[in-house]
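Input: structures, listed below.
Both complexes below contain chain A, partnered by chain B and then by chain C.
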Partner chain A sequence: MFAITPNTLSTFLNSISKYIVLLMILLLGFSAILIILLENDYYQGVSFKILFIHVPAAWLSLLIFSTMGISSIIGLVFKSPTSFTISRAISPIGLIMSIIVLVTGSIWGNLTWGTYWVWDARLTSMLILSFIYLGHILLLYSFDHFQKADFAASILAIIGLVNLPIVKFSVDWWTTLHQGSTVFRVGGPSITSDYLITLLVSFFALFLLCIYWFSNIFYIIIENRKIERSKLLNQ
Partner chain B sequence: MTSLEFVFLSYGFFSFVCAVTTIIIMLLKKKVFNRSSAHYQAQQSD
Partner chain C sequence: MRIIKLNNQIKKRFIFLIIIFVCFSSSIVLISYSLKDQIAYFVSPSELYQMKDLDDRYLRVGGLVKEGSLKFENNIWKFEIIDEENKSIKVEFSKTLPNLVEENKGIIVEGRILKENLFIAEIVLAKHDENYMPQSAIDKMQEDGIWRGN
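Right, the complex of A and B next:
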């Protein structure tokens, strides 16, 4: 990752962009059909169908933060501009995913628990994660020079990595209203195969949407920097 | 509201957020592309 220049990565992402869109549309359509065809849950009725946006968005918000933290470490250790740019480009996507998790979770919570919000360990740690995303974005745009901003934001991203196991294992470490893990757990998934397949299709569709957003944000950052650099050289 | 209406609300919110984000990104991309084209054209004419 540190040997690839931001320009090379941007060109590569742009070249595969149309295939990503095509595959994403196919998967979105397929997941919509699967969600409509799935029978309602015996206990939760139709409300369980929120699962297919809530859970993929939750997985993605954790995955994006892990990527952001790792690329920040690589950026600081190897002084890699590509890693810092990756971190900068995925941060807003992570924030959007965490907002989707919180809002859909609140709606689902209202249907199953009778309340939109409780200061439960899982919900609180997820809220903290979205605040870290917000802080990361604010730090990125609080400095005059982007290298200083990248440094400060990377430190926050690395510190924020501590919150990831807390989000993941909060349901095991504390007694929570939020249900325990159903897919990534010891002994294998506890949901039926039709639910699991639909969940995985929804996840990959949303994952491709994030990749598409990322490739475009990455392009915007690179092009803006090229223009600024060219202006400075001409002065 | 019924459960089905809450489910539609969730999917509606999700679709709205995704659509707005995609539109904003596309507009920013178009803006930066135009800015870049204008900049390089100005450079060539100098």
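Right, the complex of A and C next:
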């Protein structure tokens, strides 16, 4: 990662982006068909199908934060501009994913639990995660020089890594209204295989959407820097 | 010579980050450990009976709705909450129950203890578990004789 400059990564992402879009559209359509065709849950009925948006978005918001934290560590330790740019470009996507989790979760909660929001450990730690994303983005845009902003925001991302195990294991450590983990848990997934396959397909569809989105944001950041640099040179 | 110097700087920055991370994570661990009773969303009936000074304390109790206990009498829902240790508490609730409240399914009630073994709920929430399956899968398991639910 240290040898790759932001420019080469941006060119690489651009060259593969049309294949990503193609695969993404295929998977999105496939997962939509699968979700419609699936049988309802025996207990929750049709409202359980919101799981196929809620859970992939939740996995992605955790995955994106860990990517952000690790690339911040690499950026700070090895002074790598590519890592800083990756975490700068990936942060808004993580914020959107965590907002999707909170919104779909509260709709689902109102249909099943009978309330939009409670202050239990899982819901609160997820809200904190989205606030850390928001703080990260605000820090990135509150400095004159992007190098200073990258430094400050990276420290926040590394501190925020503490929150990830809390989000993941909150349902095991404390009693919560939120149900426990279904897929990544001791004793294997507690979900039938047709549901699990649909869940994985919709996860990869959303994952590719994030990759495509990331490559676009990355490209815009790099091009903006080129424009600013040429302006400075012309003065 | 230059490479060795760079490695030292990298090591220094890495140790600096580890110190930051360890400080913050240990403070979070200490805070959440000392507040673990407050972070817990509900107590089970057996934990409830071990608590002291329950007079007029607003709290949440959770467990399963006991089989055969859910009744609707005089515009009041009456049921019992039972936990894994077979301790149970009677609950009364005068509003509309959430759709998913059923016998042998999870429930959380919020309110006060009126007297010994009677809980007046002001809010009732249905707590579903992490198992999802279609009715056809249950039918198949019942045919095979491996279904252990209700």
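Here is the rule we go by: the second predicted complex is superposed on the first by the 235 of 235 C-alpha atoms of A that agree within 3 Å, B and C clash if a C-alpha of one lies under 4 Å from a C-alpha of the other, contacts with A are read in each partner's own complex, and residues count from 1 in each chain.
In this text, a contact is a pair of C-beta atoms (placed from the backbone, for glycine too) under 8 Å apart; a residue touches a chain by one contact, two chains touch by 3 or more.
Predicted, not measured: the structure shown is a model, and the values here were computed from it.
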I'd like to know which partner A:223 touches here: chain B for first, chain C for second, both or neither. first
Chain A residues touched - chain C or chain B, whichever exceeds: C
Let me test your reading of the model: by the given contact rule, A:213 touches which partner, first (chain B), second (chain C), both or neither? first
Kindly classify A:29 by the partners it touches after superposition: chain B alone (first), chain C alone (second), both, or neither? neither
Would you sort A:49 into first (chain B), second (chain C), both or neither based on which partner it touches? first
Taking the superposition as given, does A:103 touch the first partner, chain B, the second, chain C, both, or neither? first
Do chain B and chain C land on any of the same chain A residues, and which? 111
Touching residues on chain B, where the partner in the complex is chain A: 3-4, 6-7, 9-11, 13-14, 17-18, 21-22, 25-26, 28-29, 32-33, 35-36, 39, 43
In the complex, go through chain A and note every residue touching chain C. 38-44, 48, 51, 73, 76-78, 111-115, 118, 120-121, 155, 158-159, 161-162, 166, 173-177, 179-182, 185, 190-192, 194-195
Parts of chain C lying in touch with chain A, wherever the complex brings them together: 10, 13-14, 17, 20-21, 24-25, 28, 32, 36, 39-44, 62, 97-100, 102, 105, 108, 123-138
Seen from chain A, its contact residues with chain B in the complex are 45-47, 49-50, 53-54, 57, 96, 99-100, 103-104, 107-108, 110-111, 209, 213, 216-217, 219-220, 223-224, 226-227, 230-231, 234
